[in-house]
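Chains here go by letter, A, B, C and D, matching the order in which they are written, and residues are numbered from 1 within each.
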Amino acid sequence: MMQFIMTLPWAIMLILFPLTGAIISFLWSKQGNKIGLVTITFVLISVIFLAWSIIEQDVYLHTIGGWDAPLGINLYADGLSLVMLIMTALVGLGISIYAISYFSADQSKRFWPLWLLIIAGLNALFLSSDIFNYYVALELIGLAAVSLTALGNTRKAFLGAMRYLLATLLGSLLYLFGVGLLYHGFGSLDIATLSRNVQSTPVLWVSFALMGGGLLLKTALFPLHFWLPPAHSSAPAPVSALLSALIIKSSFYILIRLWLSIFGPLGDGTVESIFGLLGAGAILWGSFQALRQTRLKLLVAYSTVAQIGYLFLAFALAMSGGSIAWNAVVFLAFSHALAKSAMFLVVGNLLRFGGHDEIIHLDRVAQRLPITTAAFALAGISIIGLPLSGGFIGKYFLLESALLQEQWGFVIILLLGSLLSAAYIFKVISHFFTPSSTPHDSKIIPANMEWAALLLALAAILLGLFSSSVLSIVDIGSPFELEGEKL
Amino acid sequence: MIANKNKSEDKIIRLLLIMLLTLIASMVAYAVLSLPESATNLQRLVDNNIDISGVSNPVTAVLLNFRVYDTFLEMVVLLVALLGVWSIKEVPIESMNDLKNPVLDTLVDLLVPFSLLVSIYLLWVGAHAPGGAFQAGSVFGAGLVLLMLSGRQPFLNFKGLPLHFALIISVTLFISISIYSMFATGELLKYPLSQASSIIFILEGMATVSIGLTLSLLFYGIYTKKKYK
Amino acid sequence: MEIIIQIFDVLLCIVLLWVGWQSLSSTNLFKAIVLFITFGLLMAISWVRLNAIDVAIAEVAIGAGLTGALLLAALSKLQKTTHIDKTSHISVNSK
Amino acid sequence: MNMLFIYALTGTGLFFIGFYALIIHTNLLRKILALNIMGSGVFLVLISLAMRSGHSSPDPVSHAMVITGIVVAVSATALALVLMLKVVDITGKPDLHDQEDE
């Protein structure tokens, strides 16, 4: 029986379930909430079984259409893809539980099909190993994400969505240009084949510049983050959560994949240094901006800009430090997804509760919304990187790697970054406890909206406690050994 | 960008931008020119396998067999775009556009059946000559757009659930064939050899319907009168 | 014969760049869109020249036809709305 | 030099002309036009390089990619135009500069 369950094609179900769910919720829009919850539950179950079979049997490889790459497209899942899929399912569940009470009937009708299509797109992307297939998946995710941003239905939401759309389309075109050159230079679209074929020629580096540029724009690495704060701060709360937690991780994931298997082995360290510098810039700039904000939602959005910086610091540290820094990336990406989605959901609760998100006018939130407050505090612990949380493990690995390599500049940036994030988190929390000078009415928050935020925040903490098992999953298929070393 | 605060400052920024883009463009151009004249691509692999792909037009073989998974996701992208347009703007299928023009009318009377004919022809020849679902679908869509431009309402008698079904028919068929292929061959979207050409033909036919309807409805979303809420 | 084709190639490329640039720099939006449609048709010619008949068909129907129709429809909406909103602008702002 | 490379160079040129226009224009319709021209540039590079093979017919995978790309482009354009009309509806003008921004 167990053997039978393990042989079922869970990876493929990860793509087909949400697609089917999206279609049903489109046709039968009144039942969106129920269809959405059922679908996301199926996705979670599929991920669990896929994880189980990968842990038992090593990496997953499936030739679509029976045509092996490079002619066809291969599905491929190693430890890194698996962690990303788990991240998508967990955050997806949290956001879905929240969304059933958040949206009006009219909004809900539009939200569910697009949101389920985003989940399908993300799963497809994390399972793919083909650079053109990535492009199609990126477009799918990007267009759906923009449409959901506009669901905010305010002046700011439409302007934010428009800016976001232009940025994401530019990013896709740059990426596609790079794909074209890489294909004509080395004769394949399949990552594994490319990694065998590539040589350090002008075509290789120009295509990296184009693809990398496009992906950095989509990931919103400083100074290409201009589109992120307006979009992430004006979208409806569950959409902000999924944008910050999942969407930007998808382009970042492609960047890691391409770097590790195609470009990294031939690099001479220049790219890593640039990424490290930009990452440092992102941490400082994003944190300062976050500290300056008076509106909570913008503060959380700028905090995302800063947290993206950490992901890129790891690029620089992995140059000679190897897998410690890469493990740091996984923990930072995963814990940020959980903690940041929790934070955006908290902001959604506060906006509904008091009708505003002005930090200084928060009115005795801690007493009146204890669960929401706890969620924010726990998420904050992970964002700052306080001990035992998932964020702590990530930052600890980074620090260790920086110390081992005696990269003192990065050590200072890391410490300063944590200090700044502690400053902006505590600035918010202190206002949770005080009465506002202008007391205001409050609305009741449905329990599932409070608990969804708390559970996501709790998961960010638990990630730290279960770090060793996460590490053993990440290691499957040794995604972080550069292709050259594997041979 | 910085708006008309300072004209000369604006000019300098533009100049810098032009210099930067020219620099990048020349690097890209250099890389393009450095490609060898002999090709490195997948053409030989396509040629070697085309006999067992079910069609003889190599582009159709790539789109509907070797890389059919891309086309599957592509159909989803079209659906996403339409859902996005509908979510941003309420599109009233019922509203009439009063754009009657007798000259255009006669033209449309001729052109629309013609586009339908071309579309079916393209679909038919796609298996062995240039053509196929994307081309047929876009010609079909263009015909529907012409119909709307002449003030006709192709969706007036065909809306609600039937229309929704028509829009998702392609993605639904892809999902069904995915499931079928998993049972029949154990591999996603792998067609049993004997059924390959008929499966490809059905997929193309449904894709044509979905592409044509989706593209024309995307147009309709912009063209139709806006409704203030 | 070869030389004629080469001259044709060079001319087509120059015209493509020129029409593309004109479309993006024209001060009149309507003209810009018409130039863009022309650009799409020229692209279709180059697809034929590059032995890409499949792409040429898609380009004529989508690139030039449908995209052109989309842009023109949007432009007419744009011009109507910007006229109307001269008056309704204040009410929108004061919300 | 193979004559086909001039198409590839033209494609590159179109991409960067579009890139420039995308950045300097504030009018959203022009930005959308610019993105479309950029896309055409990429397609031209892909298709012209597909001709390099010694075969009688060019590489079909590039063609398939471009056909997919053209359909993605028109879908994205439609979404962008609808969003632009919504922005115009609300702010009264087709650009991203909003006086209400603090």
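As a convention for this text, contacts are C-beta pairs under 8 Å (C-beta built on N, C-alpha and C of every residue); 3 or more make two chains touch, one makes a residue touch a chain.
What you see is a predicted model, and the numbers here were worked out from it, not measured in a lab.
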More C-beta pairs touching across which pair, A-D or B-D? B-D
Nearest whole angstrom, what separates the Cα centre of chain A from the Cα centre of chain D? 27
List the centre-to-centre spacing of chain A and chain C in whole Å, with centres computed as mean CA coordinates. 36
Could you work out how far the Cα centre of chain B sits from that of chain C, in whole Å? 18
Multi-partner residues of chain D (each touching 2 or more other chains): 9, 13, 15, 19, 45, 49-50, 52, 57-58, 61-63, 67-68, 70-72, 74-76, 78-79, 81, 83-86, 89-91, 100
Check each residue of chain B and list the ones that touch at least two other chains. 24, 28, 32, 35, 39, 41-42, 46, 59, 67, 70, 74, 77, 80-81, 84-85, 88, 134-135, 138, 215, 218-219, 222, 226
Where chain C touches two or more other chains simultaneously, the residues are 54, 58, 62, 66, 70, 73-74, 77, 81
For this entry, which pairs of chains touch? A-B, A-D, B-C, B-D, C-D
Taking the complex as given, what residues does chain C use to touch chain B? 53-54, 56-58, 61-62, 65-66, 69-70, 73-74, 77, 81
For chain D, which residues count as touching chain B in their complex? 1-2, 5, 8-9, 12-13, 15-16, 19-20, 23-24, 26, 45, 49-50, 52-55, 57-64, 67-68, 70-72, 74-76, 78-79, 81-83, 85-86, 89, 97
Complex contact set, residues of chain B against chain A: 24, 27-28, 30-32, 34-35, 39-42, 45-46, 49, 65-70, 73-74, 76-77, 79-81, 83-88, 161, 164-165, 168, 171-172, 175, 178-179, 182, 185, 187-191
Where on chain C does chain D make contact in their complex? 5-6, 9-10, 13, 16-17, 20-21, 23-25, 29, 32-33, 36, 39-40, 43, 46-47, 50-52, 54-55, 58-59, 62-63, 66-67, 70-71, 73-75, 77-78, 81-82, 85-86, 88-89, 92-93
Of chain D, residues touching chain C in the complex: 3-4, 6-7, 9-10, 13-14, 17-18, 21, 25, 27, 29-30, 32-34, 36-37, 40, 43-44, 47-48, 50-51, 57-58, 63, 66-67, 70-71, 73-74, 77-78, 81, 84-85, 88-94, 100
